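Shared between the two complexes below is chain A, which has chain B as its partner in the first and chain C in the second.
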Partner chain A sequence: MSENILVIGGGPAGLNAAVMLSELGVNVALVERDSFLGGNPKKFKYKFLFPDMQPADNVIGELIKKAESGGNIKVYYSSEVSDFKENGKKFDAVIKSASGSETKTFDSVIVATGFEHFDPARDAKYSYQLFDDVIDIKDLERMMGENNFVRPSNGKPPKKVAFILCVGSRDRHVGNQYCSRVCCTVSVKQAIEMREHFPDCEAYIFYMDIRTYGFFEDLYWKAMEEHDVQIVKGRIAEITSGPDNTVVCKGEDTLLRGPFEIPFDMVVLASGMEGGPQSPEISSKLGIELDEHGFLKPENVTLSPFKSNKPGVFLAGACTGPKAISDSITEGAAAAMNAYTYAVKNR
Partner chain B sequence: MALEKHDKDKENSGGGRPVAEKGEHIVARHLIEDDNIKEEKNLVIDGVDVSGRWNTFIISRVDSDFDRSFFEEIKKTVAGSRINRCWQCGMCTASCTVTPLYRRFNPRAFIYMMQLGNLKELKKYIDVAWRCVGCYKCSQRCPKQVNPAEMMEALALVIKKYFPEEVKTKLKLDEEVKKIYEDMIIGHGRLDLAKLHTSAMQKSGRTKELLGKIERDTIFKMAKDGRAFSILRLGKPHNWSRSKEAIENYLRKLNTIENGEAGV
Partner chain C sequence: MEYDENGVSIVPADLKKEIFEEARKDFRYEEYVRGCLNCGVCTGGCPPHRFFDFSPRIVLQKMKSKDPELIWTMMDEYVWACFQCFTCAMICPFLNSPGGVIAILREIAVRRGFESAKKVLKPYSRVLLKLTAYGNQLSPDMIQPDFFPDWGPHIGYASTDLAVKRKAIPMPTLQVTNLAWDVAPETMKELYDIFDEAGVFKIIEAVDPSLYEIIQDIVDDVRSS
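Here is the complex of A and B:
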């Protein structure tokens, strides 16, 4: 008899976990809340991934293909875990989908519920949703994915674009004190893409710190050295409307010690990551701990970042904190290994 | 080496080399402060006349230490207790109401100078450092909740303590603003923030924004929840005539003292 393992969430982490378990001969139930697999990268149509600019489809599409063709994976689309109980060392879960509810017993569980993009409208000073030409990185990613890079207000290509970093991150005022890790690199990547495809369009990045950690630093150098992306030190305090249908960024150049109010055709907000409503929900449903940032809490951040405080329930991907896609995929594999070991031990 | 200073002006009173201004020949003179230039007008070394530009010396502008005791002092005050939180992002200056009017008023830079105890630098801003109008936009937006608005209060107190002489001589009162405040207090017994805001906007020529969406919404909101009318109903404070008299007495007395000191 082969093991039964429940994977909650069909993003990069959950997909990789499911695929690996399936290859081990495990029966996997993959529960996905959307009607498609691929998580946020698919939902917001990410086009190219940093650091090597490979098409997102190479990664996400590949994982989806494997998951959908793998014989041992049963995917439940538009579904959720509506009830969850411990049963000795095993778990009884009710999977609710459009076609009805199904109760099954699982040997172990992998939670990969991911993150939500911070909604910049919550920070009113950036006038997101007030001005059409203020968008955020996920909107830009979608625009690029759809080959439709124009100003939303008039449909014309922009000539001057500002990127604002740390929107919804590192800010007590909005309640998120952590760094979202990837927004710097994503912004730099998008600036490069933009300059590559639209060389007439100037790119400015307003930053407090540029955190393109590790080898992502290469992208940051490339943006400046090969694409003339200009960086300006200072956080933007206000976005207002300007003359000739522009949006004005009001800020301080902290290096030159002076205030500025500069009009741009388009502003891209590097909104960060949040645990979203799904994290507290899954935390109470499964009886696992939530951390002070609104993400799921690992048992030990360094030694076992993929374990929850409940034996048999494992964590993978951005549900435990902001993460790059590659990290999520790695954690998916790590959680799969651990979930498998647990299942075999308690057979 | 014989070092000899003598009164050359007297000797050469009949003509000779014209005497240049101190540091006049330095090319980028505007970058160097007066106090940092050492130059003897008349100097003879070993019988060689090295007066004026021949002995010019510029004192190093390299700071040799951070004065942490100053930081500790600020941190102990109520208004400045969060000074250790600031990471210099510039959100405060970017939000500031005053900075567009007085470019040298820069809360972020002031907080940094206070963190490092750089009194030498702070001293240069005595004339503008008091300009905070207390709109609290910075404190509302600060990502680290430093509360820069109150930090400016701490700054003002520090300046008053360390540079009492400069405060007296360099600090120029904005008579117009003073008049607005005084008239409001003595006339009505209260500060009318709406009126203050209006006069400030008019003063900076931003009359168009007075009819902007935020203003309209605020007026509508205050009319709706009754605050606008409750202010009218409040009237003057209790026993205002006596308080008013006391304030006027105090101001008169203050004026007499100031005039007396100035020898008027």
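Here is the complex of A and C:
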């Protein structure tokens, strides 16, 4: 008889875990809260992925296709784990969906519940939702994805756009002290895309530190050298409205200009990643630990980042902290291997 | 007082070190000075930064440098440019308080009767007198064109015929111009005790000895009444 493994969350990490387990002949129950697979990349219509600008569909679409055609995966759409109990070394879970509730016993569990984009409206200084032309990186990603890159205020193409880094990250006021890791690279990527498709539009990036770690640094240099993106050291203190329907970024250029007030047609906020309401929810439901940042806590952050504190329950992807899609996919595979080993040992 | 080519007063290195140690020992220091990544949000949002060469980011950075020489450069005029609006403390992502650091440094300058403190506080001697001696901050007779240019073009008119204008106020007043309201002697005595305990009189003695004498005469009169 083959193993039964529960995967919670159908984003990059959960999808890859499910696909790999399916290939091992495991019966996978993939529980997804949305009516579609693909997680945040799908939900917010990410278009091109860093570092190589390949279409997101090559990655997410591919994983979804494999998951949906994998014979051993049963996908539960618009569903949740409503009850969870340990049963010896196994687990009894109730999966609740529109078509009713189903109780099943699983040999092991993978939690891949992901992250939420920080809501920039929570930090009033950025005037998000106050001015139409202040958007965030997920909004821009969607606009680019829909080939609709115009100023929301008047439907015209912008001539000058600012990217503001560290929105909702590294800020004790909003309660997020951590770095969200990918927003620098995403912003640099978006600035390059923008300059490629709309060469008339100037791009500015306001930063405290630019953290395009590892090979992502190539994009940072490329933005400067090939696309003439203006990179200014200074975090924005306030966004106000300016003359001629502009939005004004106010701050201190700590290296060159000193205090500045620069009008822009559009401002893009690099909002960070949060554990979201699902993290504490799944933490209490499954009896696994939450960390001080609001994400799920690995048993050992270095030795076993894919294990929860509860034997048999494994973690994958951005539910344990901000990370790139590639990292989530890697962790999906690592969690799959560990969940499989646990299931086989306790058969 | 002699000044170097950068306009910084020349004092012994030991004094600079003492000032730094005094600031660091302040009970608020740990709360006000945390990490700083030079993001510039504080300075970007700082109102006096629009008018003067004053940057809360520099204040915090100099404090964090723990270099007595650097900290001393702020003690002459720099600390007095701050409006003490605490916008910096409100918006700093690290929850630093550059405005709070300024408050600590100013208090040191006042306690020690530094020249800069004397100069800055001079225009306030009338307020200090009213407040410490009578428990009033502002009274009608203090309204004079020279002292309140920021009150607009009608200050000249407002400062004449005070006694008549006072009578025209359609609510009970003391009908006097040297006080805004009456403070009972018992209340005054309590106020003096508080000022004694808090070291307020000592501070006034350090920054304005002649004002201190005037105030003490009044205090003695009230206390012995």
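Following the convention adopted for this analysis, the second predicted complex is superposed on the first by the 346 of 347 C-alpha atoms of A that agree within 3 Å, B and C clash if a C-alpha of one lies under 4 Å from a C-alpha of the other, contacts with A are read in each partner's own complex, and residues count from 1 in each chain.
In this text, contacts are C-beta pairs under 8 Å (C-beta built on N, C-alpha and C of every residue); 3 or more make two chains touch, one makes a residue touch a chain.
Note that the structure is predicted; figures quoted are calculated from it, not measured.
Student: Quick one: on chain A, after the overlay, do chain B and chain C clash, or do they fit? Just give me the call.
Tutor: The answer is clash.
Student: Check the residue A:R172 against both partner chains and state whether it touches chain B (first), chain C (second), both, or neither.
Tutor: A:R172 contacts both chain B and chain C.
Student: Would you sort A:D83 into first (chain B), second (chain C), both or neither based on which partner it touches?
Tutor: Neither partner.
Student: Applying the touch criterion given at the start, work out whether A:R257 contacts chain B, chain C, both or neither, answering first, second, both or neither.
Tutor: Touch status of A:R257: first partner only.
Student: Identify the partner contact of A:M208: answer first if only chain B is touched, second if only chain C is, both if each is, neither if none is.
Tutor: Both chain B and chain C are touched by A:M208.
Student: Classify the contacts of A:K125 with the two partner chains as first (chain B alone), second (chain C alone), both, or neither.
Tutor: So A:K125 meets both chain B and chain C here.
Student: I'd like to know which partner A:A237 touches here: chain B for first, chain C for second, both or neither.
Tutor: both
Student: For chain B, which of the listed stretches 5-13, 113-121 or 221-229 runs into chain C?
Tutor: With chain A aligned, chain B clashes with chain C through residues 113-121.
Student: Determine where on chain A the residues touched by chain B overlap those touched by chain C, and list them.
Tutor: Residues common to the chain A contacts of chain C and of chain B are 125, 166, 170-173, 208, 233-238, 250-254, 259, listed in rising order.
Student: Please name which positions on chain A make contact with chain C in the complex.
Tutor: Touch residues, chain A against chain C: 125, 166, 170-173, 208-209, 233-238, 250-254, 259-260.
Student: Which part of chain A faces chain B closely enough to touch in the complex?
Tutor: Touch list, chain A to chain B: 125, 166, 170-173, 208, 233-238, 250-254, 257-259, 261.
Student: What residues of chain C sit close enough to touch chain A in their complex?
Tutor: So the residues of chain C touching chain A come out as 37-45, 49-50, 55, 57, 91, 93-95.
Student: Residues of chain B touching chain A in their complex?
Tutor: That would be residues 87-91, 93-96, 99-100, 103, 106, 108-109, 137, 140-145 of chain B.
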